[in-house]
């Protein structure tokens, strides 16, 4: 099967981190297409940046999804996830959502370890929006500016492990999620030092994407995830126009 | 004071409906700038369309907000609202949020009357996301395709009133919200026929925007609504780049 | 327009604090009638005191509302608010409710800064009762006895600012509410020292009362905020009897 | 032991209904003092009437509680309950709260059968305020005006049984609560016709009051139910002044 | 009346602790039958141990309930409680549920003091499962291994009191529950040293069991607590087979 | 990899249904061990039956898990799931939990189609216990007695499809779960007739079990899913004793 993995950030080096970890999670016969957002910011921390990254992800997905069996949105907070799920006829998996689902199958309460103080509000809203609020033990985050988003693991690895240990000891976490694409791979490297399972969103997303393809999930023709009704649109890329509407016809608009 | 009112849909005739109602809600000395999304769809009903409309609204707001005292996002579901609130140094008000706040000051439970079945899921998620779930009595919606989005009031007015009456009689609504910019003005016209207050999102948004300006709400320098940290970005309009980041500098990215 | 502002406490000096701040929030053409509870306690901290203050507020409102366009209940915790809203044909606004609505339009999570430890339980129950529980970051309160309720700002101002700063730094507050009529004006005075918006309940209530009058909110004839059904009553003031019932007629009672 | 039972309504005939049922629920050695609100309305249906009835109940309780071991507030919706619990040094039990606690020990979800449409909003808010929202299957209510509040059982008995049956069959109720003092005794009379337990608030309240006295519940000196701090007050009855404050001393007020 | 009290743990000395406290809570004319789980663990701390203890309790109850008026499940966490409530025709009361109901009639928020760190997750899930989550102030627990489960009060009494004091001072508890059958009697002994009511689950359960018998709670014939439908079963004790099914008849199975 | 699939019911024909569907969901290299509860009931519908089935499942799992990579609990309602997850060092997956996780990755709200009215309460409590309450659109169930549990698909297939269609049209379901092991395979057979994805719990559980094995989930040594502390136990099977305790040693007990 073929999976399209989209980094909603513009950071090519983060895309490489994601790819490295994603390849460890593919089964024989699964191939990956990696893509990076053509516009946006270096790493998404806020609602505003997620709004931009979500739209960039829609454009990438519309352009490239053909020929793939599933799409993975590879930024924590899942920018554009539910939008893509409405318009694409194939399964779409987000890193946050996937990590939470895997975590909740391994324990009662989950803590998220994050790379910045600022990022916490957006993560919290995303997690509560999915209905996982009662399963969230805590979010703990680094409190220093990040020098290089592509090297946060090397620079801050020990601090991240310390945050994880406190989440277990003080917040009652049964499972940890090392959050954010820039941390891709960290969970695997530090797993043996932590007393509870530590999950990587990329890993979870890839495994669940493959499972959803295996299950042959059906594209809905009713409900709120059926393809949006065709309607006039304007100024979208050709591929996106195909998915969300017909080109503007002034007559029907007025 | 000057208020920028943005229609996140591309429908100019809906912008005119919004403007007509907005002008009835301005106090002496308040002037309006009307703007219409330069790209997107005719009327937003889905998460996907809201993702697009939210980004279009960010672009418009970034280009035009200078010189204004507040911004109103004039589509129900408030596409881009929290994103704008993070990046702009002036108050930003959304139609849905404003209508819910006004409604909750007039009754216990609120019903929303909407223009299509499909639109309900997105509305429900928006309302729950704000934390108003316990105040929502019901959402009731038309179940026919809309011929002309700019004439839905004329075409479907009686059906909308009937839905509103049922929300009061069967769902226990103390207050009604006539939802969606295409219904701008309907609440005013049918208010006398309904047994509980019927609110118009445009009206609520304009009054609250003026109140927030009067209160001289301060721009935060901390918390999750402070301006996002400056970071590399790429491919954004010049105005948006000003607000969310610095231009891409490959050195810091890698 | 004319607004009746009722202090549910018996403290005339707190009424003067409220009036001073309220006058700063009126627009040209808005006049105020100030009233103080004729019976009750010096400052309401508990459920019991709120029960008393709520009834006193009903009596005052029934006596004085005629000729006014809106009523403001000027004690945090909003004693009697929903009762008044049922029986009066004009908008009724409470300090807590108004502050929360304004706060939620400026940020995600809100902290309340309060004048005593004891007052917190009543505030928490009020806030959760409105359905704002998911938006409450924390309540932080002074922990010393108050010497003079009318001078708490002068005596405890620095301690209150310190609590506010901790609410932002440790509890994740995006917005602060300086709670309680005895703190009227404090938010304005310390706003520049705090990194997020700090709101004053009196200010919010006055602005929202004027906005509701502008919107010409309709008195409901159905739903749970229509005027209560007329029924036998006894021992109420003449004005209150007018609003909640007919005088006792033993025949219908037995 | 001695229990003071207060009817927060002014209806003497409802007090007699309550007394008849209460006497069936006392153990040997338990005696009752019955009291009726000296002011207020014939039967409480609304937030406004509950505010009045709650204050009347406080006055009665302050006057009469001495020499008793517990107090029962005998109106559904429990007007004044938490206020009394703060100021009295003996257990205070409310009909609604008691019925819900007994019901939740007999089943998963509970339906409330009520005497009027209007009364439902106040009941719902009371039940949610206690935190029992997840256990509430439904509230079903009569929809006709009540001719004589003291004869609603005779006049509407069959309709009330029909509502109860529908709550079991359609709403998934495991237990029924026949709500409102005017229905005192009805549950006992129709129990054999209903397929699930039907509870009477008076019965539940009396049994639980006796159990709390047996358990020798301790009066708290800390927490939010300790006696309110002494403070200046004015215009209260002598007995209430004893409980909530000291008489006004202008010096401490200003 | 006769009450069957079942210790779901295998510890006879804990059964004696329970019995000692239970006897203090019986009224004249109430007699007790004490029973200890015939299989299981010394003290239940986990979901796994509760699953075992719940089944052991079902077996004991099925064997012994005949001739009794009520059953008490005497382990915190209430193993098997709802199962017994479905299959027995008499009231069944659990220690946790009873303690929470009594606590919520004496205050707003409740803290639970527990004997081990590990036990907290199971307690939290039990409490949230009953719908009492909004009333839970905190769970505080010992963090040392227990040498002798029958002597934890003597060994750890002071530490438990210290935890209770912190729950009041730091967590806002209005009421305390001293949790776990091994703590039976502790609440009574330390009550005078604590500033808020401290409840004993055994005491609460016995009083409520007697109250439910007094109220003559009816066995339901509908709803989710009616006796389970008769169906093939296999390998159960004779008494349990009587209650949950008919012996396996291969014909109906296939 | 090897997966142990346990039917917590005693029905061998249901085990065969499960096996048939499970084999369709295994990847090359995955082998299954099927097991049927040695004691219990024909099909679990109630809390009581789940308590029995959960204990039977624990015994089976303890006896057979060695040499396997994961365990699947193959009854809706997941009897014993969290208990097994605590005591086994390998992943454990439940049908309900797995189906909900898969469903929530394909839509916003989920309806469950069930085989009997009675089973609904237990399902609802299970789903809410996992924290998925906000994602549940409805549970719809057959309302006729089941003649043969192994033939419910043949006998009631059309009725089940009709319930599913109503859940989409009337309850707003985006995804359907055909619930209960006796329905294993039905979702696959009727998928093309339904307008939204219809999921099979067995299928979901097998795919997720394989994914969890692929992810090499780590056994925790801390948190509430670490192996329970060793303690005296009695009367358990040898295998279960190995997992939950040491054999009873009276000295440590007293």
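Here the chain labels run A, B, C, D, E and F in written order, and each chain numbers its own residues starting at 1.
By definition in this document, a residue touches a chain if its C-beta (ideal position, glycine included) is under 8 Å from a C-beta of that chain, and two chains touch if they have at least 3 such contacts.
Everything numeric in this text was worked out from a predicted model, so none of it was measured.
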Study note, to complete from the structure: Neighbour overlap between chain D and chain F returns B, E
Revision key, fill the gap. Ordered by label, the neighbours common to chain E and chain F are A, D
Review point. Once chain B is fitted to chain D on CA atoms, what angle does the rotation have, in steps of 5 degrees?
Key: 120
Review point. Of the other chains, whose C-alpha centre is the longest way from the centre of chain F?
Key: C
Exercise for review: Compare the CA centroid of chain E with every other chain's and tell me the farthest one.
Suggested key: B
Check your understanding: Whole-Å distance, chain C centre to chain D centre, using C-alpha means?
Key -> 27
**Study point:** Chain centre separation (chain B, chain E; CA means) in Å
**Key:** 52
Review point. Which residues of chain C are in contact with two or more other chains?
Key: 82, 85, 108-109, 120-121, 125, 134, 172, 174, 224
Exercise for review: Return all touching chain pairs.
Suggested key: A-B, A-C, A-E, A-F, B-C, B-D, B-F, C-D, C-E, D-E, D-F, E-F
Practice item. Using the touch rule from the top, collect the residues of chain F that touch chain B in their complex. Key: 108-109, 134, 172, 174
Check your understanding: Which chain C residues qualify as touching chain E in the complex?
Key -> 120-121, 125, 128
**Study point:** chain A residues touching chain B - in the complex, by the definition given at the top
**Key:** 10-13, 38-43, 45-52, 54-56, 58, 80, 82-87, 116, 118, 120-122, 125, 129, 145, 148-150, 224, 228-229, 231-236, 240, 243-245, 248, 252-254
Study note, to complete from the structure: Listed in rising order, the residues of chain C that touch chain B in the complex are 25, 27, 82, 85, 91, 93, 97-98, 101-102, 104-109, 130-135, 168-169, 172-175, 191, 195-199, 203-204, 207-208, 210-212, 214-215, 217-218, 220-226
